[in-house]
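Look at the two complexes coming up: chain A is in both, with chain B in one and chain C in the other.
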Partner chain A sequence: MSAFAKPLKIALGLAVIAGLILVPMNFNRYGLFILSQWAVMSIAAMGLNLTLGYAGQVSLAQGAFVGIGAYAAAIMTTHGWPLPAAILVAITLSFAVGWVLGYPALRVQHHYLAFVTLAFSTLAFLVFRNESWLTGGIYGISNIPRPHIFGIATNKPLPFYYVCLGLLAIVSLAVWWLIRSPWGRAFMALRENPLRAQSLGIDTRRYTLMAFAIGSALGGVAGALYAPLTQYIDPVPFNLSLSLDLLMMVIVGGAGFYFGPFLGAMIAVLLPEWLRFTEGYYLMLYAVAVMLLLIWSPTGILGILDRTMAARRTKAASALRAVAKSRLETVQ
Partner chain B sequence: MSNLFDLLVAGLATGAIYALVAVGFTLLWQTSQTINFAQGEFVMLPAFLMLAAMHAGAPFWLAIILGILLSMILLGLAFKMLLVDPMMRHGVLPLAIATMALAIGIKEAVKQFFSAEASPFPSIVPTGDISILGHAVSLQSIGVLVVAILAVLGLTTLLNRTSLGHQMQAAAQNPTVARIIGVPVERMILLTFLINAFLVALASLLITPIYLAKFSSGEVLGQAAFIAAIVGGFNQVRGAIAGGLLIGVLDNLAAAYVSTQYRAAVPMIFLIAVILFRPQGLLGRAEERTV
Partner chain C sequence: MSAVLEVTDIKKSFGGIHAVNGVSFDVREGEILGLIGPNGCGKSTLFNCILGQLTPSGGEVKLDGQIVTGLRPSELNKLGVSRTFQLLQVFPKLSVRENLILAGQEHQGNMASRLVGRSDAGLTGAANQMIGFFKLDHLADEPAGGLSYGQQKLLDAAMAFMGGPRLVLLDEPAGGVNPSMLADLKERLVAINREKNATFVVIEHNMEFVMSLCSRVMVMAEGKVLAMERPDEVRKNPAVIEAYLGH
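Presenting the complex of A and B:
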């Protein structure tokens, strides 16, 4: 069974990747925009999944880091810097701010931590809105250029979609590697039992800060892509509701599952679009769908899969046990 | 200093409304570990229910009664039975996320079925000013303060002086033991949901004449009540009251003396400071650490 499952998984993965590359080729402008947005939000949600799903630290500030990344990219690229440089600055900046924001997590946990990060999120929004000398205030920053990658202009929607997809792939691989590394294991130890983690010699202090900083840095990457995607930013998209949306994506997809953020972002970005035909009702239906899903499976979509797999495994195991038992009896 | 006096009165009036909302918030937390992210929308909705009743031809007083009753059914009973009960045993976070979705749902429903525009709302207190100590004070502020104080007094009397209140507290503090000594814990939890629904409907009635009825007005209010609850002490009713008044006054003073641009930042910085240096809140008890 398991010898068969691995090639199947690889084939499925390749099919999805091929689909993501090939299918959008004849999408229209809007379809490509939505799909690019999905890629961007997946990156941000993946960062939050590291902080929340793997390390167990609740953050309501991921939207603020997307904002920090977006403003860093917008300000730098409109002043003639190339996007890769802006992405590096966005990562460094978000990492540093995320590290500092991690300090409260050393003192308080759970809902208290959520509230500290919520307050930070609001403060960041106020800075975006009020420091007009830097951020353009409520008028925002317009004419954000899209990059040239290896000499190819990505002004058109399709090439830029591939930029988003490419960065999503890089981030996905990095996260895949990270959660399999000793660091990822330390994060999970932190989530499952901080006291035990500490007694096993894990520097919980450092890993808590790391979980925040790395998760935030990915938020910054997402932001640095968001700015050239929309080519115009103002403070409104980076208010608290983005942080709440991202949190919703992680939980709905399945916190602590590698593929959770992809699915969660798909639901949050694409489901409302699919429901557009219902006109004014689409966000209402979306809200109801999220509630029903969470009532059905509080661990998100992948939680359902996880449970059915576990149930099947138990079933298979008990079947084997029954066979073994009957054999034993015949021997006797 | 007349300016300061006016600011204090206005701050106390908004603070009293925050306190009502924050008290309901802490009640839900204490009895069922529900962090209700839709609490602001819970305040926004009753005003529209009352407006709908008035559009249907009901006089204002009847609309108020209908609005409060409907709120208790929708935001108390239905909220608990349809959303909280199935999710409660799965921990704090999924339920909190579900209430975020609920907040979106309520907002969109109001936008769709009523209006996206702000609607005026009649005041239960006559408009105009009266003179106190040589200051002109709006009757509305006084009315809001009086009603909110009466509500809070009524609630604390219920909680601390009656057998029912003691049962509710027992159910909140230790459900297992409460059940053993014969407290109908389930009914007590339902009661707190109904009380919360009543409080938000009352807050709605008080605040909507000032800020108009609008689908999005819950966001700011919910956040303020949120902060008030934490600043005062997440597990204390009197903490939430103090927190509400404090945030109301602080907000008004910050607008006048700090800067209008960063007025919203002052309560936030205060919140961070409180959480870092006194996480149990100004009046709260420290929660026991579970290992």
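Presenting the complex of A and C:
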């Protein structure tokens, strides 16, 4: 079975990538908007998955970092800066703010940390709304331009969707590298057993701050794409409910699983659209679907898959052990 | 023999309770020092004070003559001080091999090289060797949380050795480990002690284990040092019999 597993996985991965590139060519404007939104939210959720899923640090502020990135990009690109420069600024700014927000996590954990980050989320919203000299206040910032990439204009929905998809690919590779590196292992150590981690030389303070900063930076990247996607931003999309949505994406997809955020974002962005035919009921159905899923599998969609695989592995392992044991007994 | 660890007048109180009340001792290079005493006499608190997990209310800890009081546990570990815990402390979702790589990775390179370098920090070989040494081969790819209690204890000990420590503080390594596995564990500890010249301090209630393993035994009672003698002397010491061993 395992001999086929790897080529099968690669084939499946390539099929999904080809599908993401080819299928949307026939999509209408709205379909492409939704799919671009999925890519953007996947990036933000991947950041939160790093902070929460891998490093175990609860954050209700990811939406605020999307906002920080979005405002940075909106302000810069409407003043004539190119989007890549704006993305770099969004990353730097969210990384720095995320680092500072990590300090409370060195003292408080779990629900208490959630409250600290919730307060930060509110603070960020108030800054977006009240500092109108910078952010345009409740009127927001409009006419956000879409970039020219290698001289190609991305004003139309399809080219801009490819921009989102391209950035999603870059972020996915970077995160994949990160979680496989010793840093990723140290993040998981923070989640699983910080006390033991310390005694093994793991600088838990530095890694905690890094988990916050990198996760937040990815929120900033998502925001820097969100602004040119909608081409108009105001403070409302970046209030607490976005943070809660992102948290739900991570949990529903499967916190601490690499593919969790992609699935979670798909459910959060696409499921409401698919349920639209039920008209007035679609949000209720959506809420019920999420509740049922979490009752069935508290570890999210990928948690179900993980359990099935683990059960299969255990079966295979105990079969092997039985064989080994009988051989030992024969030898004796 | 020179002292690896010198502890001078360490005190730790929690509210009105003096858990550790002025303990001084030294640990000589290459020895295995036993630490025994009744429950609640301050053994684990003493360990936590030495290892920076607790800040002592008073006193001083020296490692190779350098004052290390107040250093964080991770900093002490980098200086070559390692430990095991009384209760199971492994990373349940990581495989046995990943647990061991994690235990050694912070001793390799720096933050930057751990980000851009090899994902195993070049430790797969060392981890496999440790797995073989502790006879955990058939479990190398299993999640640590799925191991039996005794196997997790072995893994916990193996993890303490991954960074190549000079001094290891073991908190009840034999607790809950079955006799045949215990013999294995003792054999491993002695081997590492001899071959790597690692120094051990061992908290343990299993007297047979302590007496056969340790060169000296320190007895604590009510936060103080009651005796510091050779194992055979401890057995005959009336004060120790009264406070701990029983008649």
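Observations on the model:
Rule of thumb we're sticking to: the second predicted complex is superposed on the first by the 317 of 332 C-alpha atoms of A that agree within 3 Å, B and C clash if a C-alpha of one lies under 4 Å from a C-alpha of the other, contacts with A are read in each partner's own complex, and residues count from 1 in each chain.
In this text, a contact is a pair of C-beta atoms (placed from the backbone, for glycine too) under 8 Å apart; a residue touches a chain by one contact, two chains touch by 3 or more.
Everything numeric in this text was worked out from a predicted model, so none of it was measured.
Using the contact criterion defined above for the overlaid structures, shared-chain residue A:Leu195 touches chain B and also reaches chain C. When the two structures are aligned on the shared chain, A:Tyr286 is found in touch with chain B, with no touch to chain C. Touch criterion not met for A:Ala45: it reaches neither chain B nor chain C. In the superposed model, more residues of chain A are touched by B than by the other of chain B and chain C. By the touch criterion stated above, A:Ala227 is placed in contact with neither chain B nor chain C.
In the overlay built on the shared chain, the residue A:Ala72 is in contact with neither chain B nor chain C. In the superposed pair of complexes, A:Asn130 makes contact with chain B only, with no contact to chain C. Of the two partner chains, chain B is the only one that A:Phe115 touches; chain C does not reach it.
Note: residues 195 of chain A belong to the chain B contact set and to the chain C contact set alike, using the contact criterion stated above. Only residues 35, 37, 83, 86-87, 90-95, 97-98, 100-102, 104-105, 108-109, 111-112, 223, 226-227, 230, 234, 261-262, 264-265, 268-269, 271-272, 275-276, 279, 291 of chain B touch chain A when the two sit together in their complex.
Those residues of chain A that touch chain B in the shared complex are 58, 104, 107-108, 110-112, 115-116, 118-120, 122-123, 126, 129-130, 195, 240, 244, 247-248, 251-252, 255, 280-281, 283-284, 286-288, 290-291, 294-295, 298-299.
In the complex of the two chains, the chain A residues touching chain C come out as 178, 180-183, 185-186, 188-189, 192-193, 195-206, 314, 317, 321, 324. Note for the complex: chain C touches chain A at residues 51, 53, 72-74, 77-78, 82-83, 85, 89-94, 98, 101-103, 105-108, 111, 114-117, 119, 121, 138, 142, 146, 159, 162-163.
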